[in-house]
Structures are given as C-alpha cells and as structure tokens.
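Below are two complexes that have chain A in common, paired first with chain B and then with chain C.
So, the complex of A and B:
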C-alpha cells in the first residue's frame, strides 16, 4: 500500500483542490496545499525508512487486474532509483507549494495541477507494468497543459498547443511498441522484458520509437523547441514542475525500458546518442548564454543538464568489458544524481526567478541589474542554487558530474573531455546570468525599491539550498538507495543477445 | 588520537567561523564578524604551528586520517581524509599565518565598508578551502578545495559588485579558472583510471604502470596516458597559477579589496597549481616533454610579465605582474625538476608578497590613490612602512640574506644545470636570469617613486592613525619570515627534513651528478653565488637602473613610455583585451548564428511541419463538413454503394 497510498493521496488532494477549491479562500487553500505536501513528505520518509536496502529488485509490489484479455495489470512497485525519484517529486511539490508567489492567480487550479502532477510522477516512477507506465506517460501532459493553458501569460495558447502536440505526437508510436513487447512476452510486467528474444531489427525499430518519445520529453536537439516556448508562458509553478519533474520522465524511460530491453540496439546507437548529448549540451549552453529572456535561459539550461544524463546512461556501453560492472554503476548513479541535482536547481531557479518576476514583471535579463545590492539574502540563496547548477564541489550537482567524468575516462580521455566540457558550458551561461542580474549597479527605479525577502518568504529556496549542500557533502544518503538498482541496471544493459549488435 | 583532533580543529575552525558569521550577521554588530573570524583563524594558526613543531623538532612521522566516508560504491571509495606530511604542514602553516595577518590588517582596512561581515566570512571560508587543498589525501577533496578557492576568489574579486569592471573581472577570473578546473577534472579521472583510486599515495605508487597505458586514437596512433594527465593538469596549473596565456585574470583580480589581493591572488590560491605539481612530482618526473613545456611557459611568464610590470602605473598592478613573474619562476623550477625549490619559493614568496601587498594597501590608505605618479615622499612620514616595504622588495629581488635569495638562487642554478640538449633551454636560462634584473627594476621603481621624491600627495591623518594601529602589526609580523624564512629552512630545520617526502631532484638521475651537491646545503649555494655572479650583478643593475631613471626625478612614467614599442608592454600584450574580444565575438556568433538558426530555421521548420501539417489536414477535413445536405446524401450513397459492392464481391468471389 506504500506507493498506491501516496498515489491515491496525491490524486485526492489534487481533485479536491480542483473541485472544492473554488469555494475556499486563498489562505485556506494554501494551508490545505501545505498540509497535503507535508503529508506526502511524511509518507515518502516513511517509505524511505522502511525500504530494505539489502533487497535486490522491486519492493512493495502491488498488482490489480486491469485488462485480462491482454494480461495488463495496474501494477506498482519501487526500487531504489524509483524511490529516489519519488522523493525528488515530493521535494519538488513541497518547494512549489512553499515558494512565495509561485502559485497562480487561480489558486485551486494551481494546487490541483501540482498534486495531479505529483500523482502522475509517482505513478510513472512506480509503474512496473508497461501499459500503466504508458498511461502515466501520456497523463503527464494533462496537468501541465491545463496549467499553461489556463494560467499562462500572453502567448499561452500557442505554447500549450505546441507543448501538447510535440510530446503527444512523439509518443504516438510508443503505445504500439509497448503493446508489441507486452504481447510478445505474454506479460506486461516490464521486469520480464529484458529476457525477450528480440531480433536486432526488432530492437532497432522498437528502440527507435521509444528513444524518439524519450528524446522529445527530455528534450534533445533538434526536437527541443517546445520547451523554451513553454516555459516563458507557463506560470512559475508550472515551470518548476515541468523542468524539475516532467523532464525526468524521458531519462526514466531510457533507464527503465530502452537500455535494459534493447541492449544490442543501444550498443550500436550509443556513439550517436552520446554525440547528440554533447552537441545538445553545447548548443543549448550557447543559446542559454545568448538568451535575454530569463525563463528561456533557464529552459536551455535544463536541456543542457538533461543531455548530460543521456551521456551518462549510454556511457555504460562504451566502457571496457573488464571493468564495466564497477564503473557502469558510477555512470548510472551519476546520471540519477544529475537528475536529482537538476531538479533542485531547476526548482530553485524558476521559483527564485518567479519571486523576482512577481515584483518586477519583466523577464528580460538586460533590464535587471544590481539585485544583489537590494536583495542580498535572496541573492545569496540564488547564488547557491546557481552554484549547484554549475556543479561546484560540495553541492549535489558535483556528484553527478564527477561520477560521469570518472566513468567517461575509463573509455577514452576524449570522452572525459566531452563530459567535463559541461563544467565550462554551464558556468558560462550561469555566471553571465549572475553578472547581468545580480551584479552591476542598480539602474532602474523599480529595482531600487525592492525589499529583501524575509526568512519565511525564502523558506523554500533555503530548503533547496540546504538540500543541495547536504547531498553534496553526504551523497551516501542517496547512494545507499541507488547502489543495488544501478548495478542491476548495468547488468541488464550489457546483457547483449547478438554478436552482430555493433562494435564496442 | 590527539594529533588527529589537532588536524581536524585546524581544518574545521575556519569553516565554523564562516558559518557563524553567515548565520549571525544580521543579529550581531559588525565587530563580532572579525572577532569570530580572527578567533577561528587564530585557533587554526596555533594548531598549524603546533603541528610544525611536532614535525620539525619532535620528528614526528607523517600520518593519515579521515573525517568521514564521502562515497563508496562501485569501485570508487572517497573519504574526506587528510594526509599530513612535511609539505602539507608547511603549506598549512603558511596559509593560516598569512591569512591571520591579512585578517588583522583587514580590520583596519575594511573599516565601515559595506559588506564587512561578508568579507570576513569569505576570508575564513577561503582558508578552509585552501586547507582542504593542502591537507587532502585524495584528489576529490583536493578538487573541492581547488574549486572552492576559485569560488571565494570570484566572490571577492566581485566584492564591489556595483562596479561593472569588478563584476567583469570576477566573471573572467572564474571562467578562466573553470577552464583549468576542466583540465584538473580530466586529470583526476585519468588518475582514477590508472590507479583505480583517487588517493594520492596509491596514485603515486602506480606511476610506473601508468607510463605503459595508452588509448587508441586513430589507426596505429595512440594517446599515452601519462602525458595526457600531465597536459590536462598543466592546463589547470596554467589557469590557477596564472601562466601565459591564461594569466589575464590575475591583473583583473586587483579589482578586489587589497587585503584579498595579498591573501588570495598573491600568497595562497595562485600557488595551488605549483602545489599540485609538487605533490605529484614523481609523476611529473616521468614526463620530460610536459616538463619541457612547463619550463618554457614559466620562463616566458617570468621575464615578459615582469617587463610588463615595469610599465604599470597602478601600484597594485605592478605587484600583480610581479606575482605573475614569480609564479613563472616556480613553474620553471617545476619544469626543470627542482620541485623542492618550487615549494620553497612558493613559501617565501607567500611571505614577502603578502607583505608587499599589505604595504601597498597601507600606501593606498595613506595616499588615496593607486597611481604611483601621484605619490612620493612617504619615507619621511612613514619610515616603518618604508622599512617593511624594503624588506619585501629585497626579498623579492633575491638579495642575500633575505628569504627570496634562498629560494630563487637554486631555481636559477637548476635551470642552468638543465642547460644541455633540451629544446629552448638557452631561452629558459636567459629568461630567468634577465628576469632577476627586471624584478629588481620594477619593484625599486615603485619604491623610489612612492617613498622618495616630493610627490603632490594627499595624506589622510585619520586613516593614517588606523594604519598605525591595525596595519603595522601584520606588516611587522610578515617582515620577519620575509627576512629569515629562507635562512631558517637551511639553518634551523635542515633541508632534508623540511622537504621530507618531496622528490629531491630529477636531475640526479640524468648524469648531472657533478652539481648535485649544489642542491644539498646552504654553503654550496653561497658558493654557487660566487661562481655565478650574474644574478647578483643583474639585480644590482636593476636597482641602480631604477634609481637612475626614477629615484632622481618625480616622473615615473617618462623614460619608459618614450621607448619604442612601449605600448605593447604597457597594454600587457593585449591579453585582457583579447579575452574580452574573444568572448564578444563568440557571443555575437551565438546570437547571430545559433540563436537565429534555432528560432528562424529549426523552430519554424518543425512548427511548419507539425503545426502546419495539422492545420492543412484540418483545412481539408473541414471542407467535408460543409453543412450541405445534398453533399452528405451523396457521400452516404457513395458509402452504401461501396459496402454493397464489397459484399457482392465477397459473395461472387468467395
């Protein structure tokens, strides 16, 4: 009842807010949201404390009959990676609810969307059945489509449509692919799929379909353009949820389905995917560097960070056979750390910028200057978030970068160079953002009238900063969870079925 | 166990001070900021001295320990551990001593400045980071310290964040250092690959096998592992220790408060690269080509950046270029394999350069300007200051028996011994030798201009009083090691003990044993000075030349600016301009090229493809639903006919 309990609570919390929220006052709604978020947090901590670290595989497996003729179940269960990501989801929810001015004008819609997104994320990370997975995969579009469409800014309709069409069309073939695998295996439990005797052609076609769906969600260049358009139109909480939670679905599909089920196809695609990831990193980094709209800038930053997770995952295929088990764990773990760290920084950046936006009503980087002078405490927190973003040692971002770099060198020094180039790229645009927004003289009247945030107003940011520092100083907190499932993933990733699958 | 506690207290007390100041800055009055930081640094300093005593007088053996396990999965195990040996104790005591003095100085210097509490918190944080670097027993903690120092440096260069120039300089410093961090990270990953561990000791034991490792590049071409690590780390060294052509951030860093220039951008952080190579000297001893490059790069910096220093009118920038030049000497020492003397020069340089910088800060407080053309005649009003500055200047020149002599002479000697078949060694040797004269020239140029002549200076009596109270203490305290630290190493401690564990010299293994003894004792050093009077002669020539040009007149700019090609040196070879131009052109490329590609080609292409396709489909489909009943009936009939035909077909054929 662990996972489904959290799922049910999120759904109920969301629906209650949507339906009953219109009759509640804003203050009551906020209180309600905070209470519900806390309840979720308590549940996750309860799960975490009862999670058995020594058990390999899924825990708290729940199965309900759904479509008997096909053998489809509604099935949930968590391993360490999934639990870590569920934890991340709930942290994101909490910071969204606590972040000052993050929720939109129609508070009941905002709170409904927040909890429905949490429900979708919990369902997706916890899904063990292919069709259950797909249902949540597509359902994830609805809350954010609503959020952008209802509470977005001027160009919201176009952005919402673009967001919906991209992600929907990209996964149009995903369902047939999942059905094919499920029917072939006679079982829709994803755990059974790695043993499928798929021919190389089958693997290539199916992995191509799934990869494309994941690539759009991630997103990778050239199918990324929906994201920078969606963010500026989305309300603050929408951006936070989108960047911190939803982008992770793409990586999660890679590590749950693509890598373990299609090892041979992935082996031959690995150089291309890694090349694409590095290209995306530089391309998005360059765009972020030149961008003048702060929310688009952060969106490009998200793209660059997610590219690193792809790099880390496909790296497993490039490792020498002798050390792949020990080193592959580092690469995959680095990828999950990168996801977690990016959730922290995306939440902090979008939320923090939302706080600025609610005061100044501009997204133009060039029209801001000297914020650090008028809001020193706020700026200090934002600096910390940005340092997490550029993976400074001692923050959570560093752990992922480090692990991926260490693993990359095992394959070739040039791959390590490619991995570390992200250090340079992220720093370039992040610090340019700092330079233009926080440093410099106070130029405009509206900036000079700003007041610094109080401890209460900044509680969410402060919490995120402490989390980033805590994870950076004690990565073993998450590492204990990730160790076994990452090792298992590496094993199934390199479980090649054909000799002709490409060359290592 | 108590020695471990000692190390831990030394390491963590600055961090505690930082946290304390940061947490309580809004609750307590400003004085508490410096009280807490001084207490934290003081405790740290006492621990460092205690350790030094244990090491050099009680002959304690090196030891290792750890605070906690940071990471242990797969085959990677990282502890937050420390490795205490002679080199780390030396570095730690230097860092804590200089930073304690700088903190005391700052109490006077930063009085009533905005951001007073932050400033002190940053200093303490910096010391914590530097201690992490020098105490670390593995590369991850070292990397933590390395990048952490870069961060604090960034925050402090941009301390006057309202000033656009300060903000730009901070950004540039961080970016160049980030390039170096990239190199360091690649090297760390390489060491982990080769040794299967990130612990210093394990890596150094694996150096032999590392030399055999290689990676395929193209066809039969391979990349050798060891040079790969060496070059990657040298990029880190070039950025952190400001070697040409990545040195441009260091003059820019003078935008920060002067005490910070003394601490971070002269004494401690910029020497991190030199420390790294010293720490891994057995590895670099296996890389002759990389060492050769290091010697060439270092020698270029030592000479040419010194010459640039002679053209600067800003008193802080003169000292900044002097730092660049001296860092060049250290890197030459690394390149020719005299790791011990690189480390020794690092230590003595830290003392005399921070002394010079703090004296510069005092001069700035007294005269309210940084332009040496507006200064003069301070000898009469501030004789103690002059004495301190003279101490620093003489040590910098390498005048016996000041500390600089004991560290610089062996470097000159080592580069001379190196003379032989190596490519460009004539260049290395002549550059370091001429550099001695240049050093004496530029520093005494400032000395004459500031303390003599009758400049139209403005004196501030109030500030001068505070100078007396808070600033003379650190100046006098730093003068002591600036004078005697070099001598003490040989006389009181003994070279072998002082550099215990640090590779003596790679020269011994290369058939150059005839001059080996020159490295072993102070007396032979003196003998060398007599044997090779060039350095001393050039130094005296520099001092005399600067007096001839500047000591008699009151125009420190006239004679040099009139020289042909002076603008090249004046503008420091245009490196800073070049960086900014490079960034600006990339930015323009990004905006004009990639951004336009993204928005006008890629996005519109996909949008026309997906969105336009959908719209087109909708347009076509919509024309079917036109509301005309007859059309609908016609479609209906057509459909019916089709169904009937199909059924007929099935019936006939089936």
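So, the complex of A and C:
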C-alpha cells in the first residue's frame, strides 16, 4: 500500500484544499500545504529506507481489478527509477509550497493543483498497467490547464487553451496504440509487452505514435512551441510543476514503453532521434541566448535539458555490441540523473525568478540589473542553481551530463562532441543571465529599494541548492537505486527481434 | 398468463396522468401536481428496485411486450431520471410561469410511451409506443407559444417526425409483405432461413433475389428512420433547432432519455432482428457515424448559442455510439450501451446545471453570457466543469471511460483508422467544450462585472439532487466496473 498510500494522500490533500479552501484563511492554508508536503516527504523517505536494493524488478506491487471486461487493472509498483522520480516529484511539491510567493492569489486553487499534480505524477511513475498509465498521462492536463487559466497573467486564456489542445492532440492516438498492444498481449501489464511478437511495421507505426506523444510532452523541436507560450503565462508554481514534473512524463514514456517494447523500430529511429536531440540542444540553447523574457529563457533552457535525456536514451542503440551492457547503463543512469538535476534547476530558476517577479513585476531581462548589489544572499543562491543548470562539477547537473557524455564518447566521438559542445551555449546564456540580471549597476528605483531575502524566505532555494550540491558530491545516493533497473532496461532495449540489416 | 406486476410501473404512471387531468379540472396548485408526479416516479422506481432484474426474459401477448434485463434497466433509468427531472422542473416552472400541470402531463405520457417502447418486441407495439413517446414532444417544444424559435423548432420537429415515421412504416410494411410477420423474432428467423436458401415463405421460395431486395429496401427505410430519430448525419438538421427552440429544462429531458430508448430499440431491431443482414447495414451505419463525428464536432465548433452547440455536439456524440453499434459484436454493442448511458447521465447533469441560469427574463442563449459563472456560483460551475471535461473525455471522468470502451472495441475488431479518427475528433470536441470552461472560469474581473447572469437559488431538493448526480458521474467514472459488467451481460 506504499504507492497507493502516497497517491491517496496527495488526492485527498488536493481535494481538501480545493473544497475546504473557501473557509480557511490564507495563512492556515499555507500551513496545511506545508504539513501535507512534509507528510508526503516522510512517506517517500520511509519508502526509500525500506526499498530493497538487491531485488530485481518492481516492489510494492498493487493490483486491483478495474475494468474486468477489458482486463484492465489499476496497478501500481515501483522500481528504482520510479522511486527516484517519485522522490523528485515530492521534492518539487515541497519546493513549490515553501518557495516564497510561488503560490497564486487564490491559495486554495494553487494548493489543490500542486497536490493533484503530485498525485498524477506519483500515479504515472508508479503505473504498471498501460491504461492506468494513460489515465494519469492525460489527467495531468486538467490541474495545469486550470492553474494557467485561473491564475495566469494577461494572455493566460490563449496559453491555457494552446497548452491543453496541443498536448491532447499529441496523445490522442496514444490510446489506440496502447489498446492495440494490450489487446494483442491479452494483458495490459506493461511488463508483458516487450515479449509481444510485433512485426517491424507494427513497431514502426506504434513507436511513431508513442514517440510523437512523448516528444510533445518533452518537448523536442519542432513540436515544442506550446511550452514557451505556457510558461510566461503560468503562475510561478505552475511553471515549476510544468517544467520540473510534467516534462519528465515524456522521458518516462520513452523509458517505460517506447524503448523496451519497440527495440527494432528504435534501432532504426535512433540516428534520427539523436540528430533531433542534438538539433534541439543547439536550437533551444540559441533561442535562450537571445531571449529577453526571463521565463521564456528558462523554458528554452528546459527544452535543451530534456533533449539531453533523449540523447542519452537513444544512445544505447548506437553503442558497440561488445560493451553495450556496461556503457548503456551509464547512459540510462545519466539520463535519470539529468531528469532529477533538471527538476532541481527548473524549480530553483522558476521559483527564484518568481520571487523577483513578485517584487518587480517585470519579466524582461533587460529591465533588471544589479540585483546582486541589493540582494547578495539571494543572488548567491541563484548562482548555485544556475551552476547546476550549466552542469558545473560538484552539482547534480554535472553527474547526468558526465555519464551521458562518457557513454557517447565510447562510440561516436563526433556526435558526442556535437552534443556536449552545446554546453557552451548553456553556459553562455546562463552567464548572460547572471551578468544582465545580477551584475551591472542598479538602474531602476524599484531595484534599489529591494531588500535581501531572509533565511526563512529563501528556505526552499537553499534546500534545492543543498540538494544539488549533495547529489553532485555523492551521486551514489541515487546511483544505488538506479543500478539494477537501468541494467534491466538496457537489456530489454537491445533485445532485438528482427534482423534489420546488421546495424546493431 | 399475463403478469400484471411487470406492468405496475406503467400503471402507476397512468394513475398519475389521470390524477393530473382530474386535478386540472379541480384547479389544484402546481405545487401539488409536482408532488403527485414526484410521488408516482418514486413509487415506480421503488417497485422496479423491489422487483429486481429478471433472470430470464418474459414474453407477453405474442411478443407485443418483452420483459428482460434490458427492459428493466431502461425502466429504472426512465423512472430515476424522471424523478430527478421533476425536482428541477418544479423550481424552473414556478420561475418561468409555465403551466406546470400541462408540461408534467405531457412528460408523463411520453415516459409511459418510452417505457412501452423499451419493452416492445413487435412492430405494432413499437409503432404505437413510439408515437406515444413522440407526440407529446411536439406539444412540449411549442409550450412557450410566444417564442418564434420554439414554434419553428416545433414545426420542424413535427415534420421530421412524420417523415421518419412514414419511412419506418413503409419499410415495415415492405418487410411484412415479404416475411409475413411483424414479430421481431420471426422476422429474424425468416431472414436467416432465406440467407441459407431454406425459406418456406411466399416470394422467398419463388423469387428469392427479388424478395431479398425487397427486404433490403425495407431495412434501409427503417435505417433512415432511425437516423432521423437519433439525429445522425445526414438526417440531423433538426437536432440543433430543437435544442435551441425547446427550453433549457426540456432539453435536459428530451436530449437524454429518449436517446437511450432508441438505442434499446436499435438493439432489438438491428442487433437482433436484422442481425443476419449485418453485412448490408454495417457499412452505412459506420459511414454515417464517422461523418456525424466529423461534421457534428466542426459544426459545434462554430456555434455561439449554448444549446445549438450542445445540439451539434450530440450529433457527434451519437457518432461514437453508432461506431460501436456498427461493429455488431457483443463488445461493440456493450461499449455503445455504456457510451449512451454515460452520455445520457452527463447530458442530463449538464442541462440540470444550466437550467438554473437566466439572462434577463429568459434562458441563457449565447455562450458568451455564461461569463464568470464560477464567480457567482462555484458549486454548480464546478459541476459543469466536471460535465464538460467528461464530454471531452479526459480521464479519470466518466466520459473517458465510455470512450475507452468504444475505442477498445474498434481496435479489437481491427478498425484502427476509425479508432484513430474518433480520438482525433475528440480533440476538436475539446476545443469547444473547453471554450465554455474558459468563459466560465478564466475571464478578467472587469469583464466578469458586466455579466448579466442571474442564478436561481434552487430548493433544497434541487441542490441535493445536483450533488447526487455530481457524485454519481464522478463515481461511475472512477469505478467503471459498476456499469461495465451489467452492460456486458446485457449485450451477450
């Protein structure tokens, strides 16, 4: 009952906030949210402490009959990867709740959305049944649609509609694809699907549909256009949830469905996907470089970081057969690390910028200057988050990038060079952000009147920074969790069923 | 042997009709009329629940009346929703100054007609009960005589109804002239024998091909009549007019329950009686369903009137139902029944919520006038939010679960393109359903202040009923097995 306990607690917490929020004062609501977030955190740590590292496969498997006529179950279970991502989800929830001014003016809506999104994410990461997975995949749209629409800024209506329709369209065909696999296997448990005797054409069509759904969620260029529109309009906590939690759903679909179930199709698509990922890395990086809207800038940075996870995952297919098991694990593990690290930097950047926005009410990078002079402590924390974003050694971002790059250099040095050199762009736009926003003279009156944050106000940022440093210095904390499931994933990824011309 | 106990619900309703007529003469207040009707539905539902679903089907009067699980479920649905309808209707009619007894009388008669229709196994009883369930509607639509839209809708609906009935009667008479029976079971037998070239009746022996062509002519006439009645493309044009012309309250009833009765009739006629001819009627049904999906969604997209939009949307929603029925497999039929059940409940719910809204002196007309509903009445606006997301088909709501069944049935029968097409069309649906959410919830305060929306604070009963349906729609979505299993056993 571990996973479903956390899921149920999140749902109840969210619904109570939505329903009871009308009768509670804002301060009580905040206190309630913090209490609920702590409760979730305690649950996750308890799960972590009781997780058996030596067991292969899923733990705490739960299965309830849901739709008997179809053979669909409501099924949950966690392996190391899923547990790491659930941990990430709860960290994100905590940081949104603690971050100063992150929650919107209607606190009960904000808190409801935060906990319902946590519920959806826990359900999705824990789902072992294909339809259960899809239910959470789509359900994630409702809270964020409402959050953007109700609490967003001026263009919120358009942004909310675009966000919903774009992602809804992308995953429309995903359901028939999942149903096809489930009905063909006679079992909707995703664990049964890698053994399906799918022909190459079937694999190509199904993987194309699933890849498209995942690519839009991720998002990958050229289907990324909804994200830079959604972020500036979303409230601070909405941006944090969207970037830190929801973008991971795309990678998770690749991990759980696309790679293990369609090995042959992925093998043929791998060059294209990696090319697309490298292009996205550069393209989104360059867009971030010339972007003047700070939230759009962070959004492009997110796109680039998520592209790195795609690069890492499809790299497994490009590795030489002799060393694929050892090196492939590095790539996949790096990818999960990258997801975790990006959640930290996205939360920190959006949350930290939200704190600035609540004081200055501008998103323009050019109209900010000299923040470091008036808010030195806050700036120091933001620098750390940005270093995590650039993936400097000692931060969690470095671990992910290093693992993926290491694996890439083993097989395709030029491709690796193309991907890793995009870090230069990342560094450039991040440092530009530092230079323009934090350094320089204090130009405006409103900036000069700013006061530095207190320790209490910055607690969430501080926590994220410590987490980034902690994971950067002791990556094995997470690495132990990821070892076995990543190895299992690599094995099923290269379990080719057809001879596709000796590319492997 | 005639079992009067199974006829008890209809008898109870007949008594209440008689009571209403007598009360009209005696000049009873409408409050008491409402109480009478409410009581009769409550008794009716009580009797049905006490009786429980029959284990085996029971036939009376040479198939004129069939009493099986499907009949029982349908009667429960009619009585249950009728009960809730009276609760909402009483407040609405007091507000509008509508003649309550008149309307309730007509609705009661129509309910009796529908109860008889779902129990019919013979073309004579089908014809009589169908007319009984349709004739009151002509009068209901034009109940507000001063409203030109209502008059137009009434006339259109009546003409359409007459054409459809004429077509159906013509088709039936052709089939009867060849087969020599009006009993659905016997017709099925004869057609089956004819297809196996073992027929013993009239023209099937001497000129089998001509006879078969005649039967197909009859079947196609009946098919068109069905498409008219249920509002499938290209016979859907009256639907939006009817939705717009009839009042908010009437759409709540007419847009939901009659659709279910026609589905039951479809199952009796096409899925059972004409089952052997499936290869002939399958493709037209699938094509009509697919085009209805496409056209309905796109037409709804361009509407600015609330009820017109829901009218065209219902054309599209019927498309999903008939995609499942067109499969003519147990899985497809049960998926369609589930879909129809979910649609009927959600539509009933949505219009129950809309029925408390007014702009100025009349029902809400334009979608834009729903602005900032959420600011004025969060409870009902949240209910509408659930209903709209359910119509879109977002999990974990009822609308998703029913769509999932239809899509799964299509995929299982290898109609991959239709499955994909149906899913893509639901995105178009999302665009206009969510537009309402946008208007209700996302508007600026400055625009919200211009809202002319007034909300009738319903009675305690109405609020409780709203809550009951709300909880029901949520619960049926999260726990789909409650309706999936019974519906699956019905279809086999």
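We take it that the second predicted complex is superposed on the first by the 501 of 504 C-alpha atoms of A that agree within 3 Å, B and C clash if a C-alpha of one lies under 4 Å from a C-alpha of the other, contacts with A are read in each partner's own complex, and residues count from 1 in each chain.
In this text, a residue touches a chain if its C-beta (ideal position, glycine included) is under 8 Å from a C-beta of that chain, and two chains touch if they have at least 3 such contacts.
Treat the numbers as computed from the prediction; the structure is a model and nothing was measured.
After superposition onto chain A, partners chain B and chain C are found to clash with each other. Once the two complexes are laid over each other on the shared chain, residue contacts for A:190 go to neither chain B nor chain C.
In the superposition on chain A, A:179 contacts chain C only, with no contact to chain B.
In the superposition on chain A, A:169 contacts both chain B and chain C. In the superposition on chain A, A:68 makes contact with chain C only, not with chain B. After overlaying the two complexes on the shared chain, residue contacts for A:156 are found with chain C alone; chain B is out of touch.
With both structures placed on the common chain, the touch criterion links A:428 to chain B but leaves chain C unconnected. Residue by residue along chain A, chain B and chain C are tallied for touches, and B comes out ahead.
Contacts of A:138 after superposition on the shared chain: chain C is touched, whereas chain B is not. Residues 161, 165, 169 of chain A are contacted both by chain B in one complex and by chain C in the other. Interface residues of chain B facing chain A in the complex, by the touch rule stated above, are 69-76, 140, 143-144, 147-148, 151, 158, 161-164, 167-168, 170-171, 174-175, 178-179, 181-182, 185-186, 188-190, 192-193, 215, 223, 225, 228, 232, 587, 590-591, 594-595, 598, 602-603, 606-607, 610-611, 614. By the touch rule above, chain C contacts chain A in their complex via residues 331, 334, 378, 389, 392, 394-396, 400-401, 404-405, 407-408, 410-412, 416, 419-420, 423-424, 426-427, 430-431, 434-435, 437-438, 441-442, 480-481, 484-485, 488. Interface of chain A with chain C (complex): residues 22, 65-70, 131, 134-136, 138-139, 141-142, 145-146, 149-150, 156-157, 160-161, 164-165, 168-169, 172-173, 175-176, 179-180, 183. By the touch criterion stated above, chain A contacts chain B in their complex at residues 161-162, 165-166, 169, 222-223, 225, 229, 283, 286-287, 289-291, 323, 326-330, 333, 370, 372-373, 387, 392-394, 399, 401-403, 405-406, 408-410, 412-413, 416-417, 420-421, 423-424, 427-428, 431-432, 434-435, 438-442, 473-476, 479, 482-483, 486-487.
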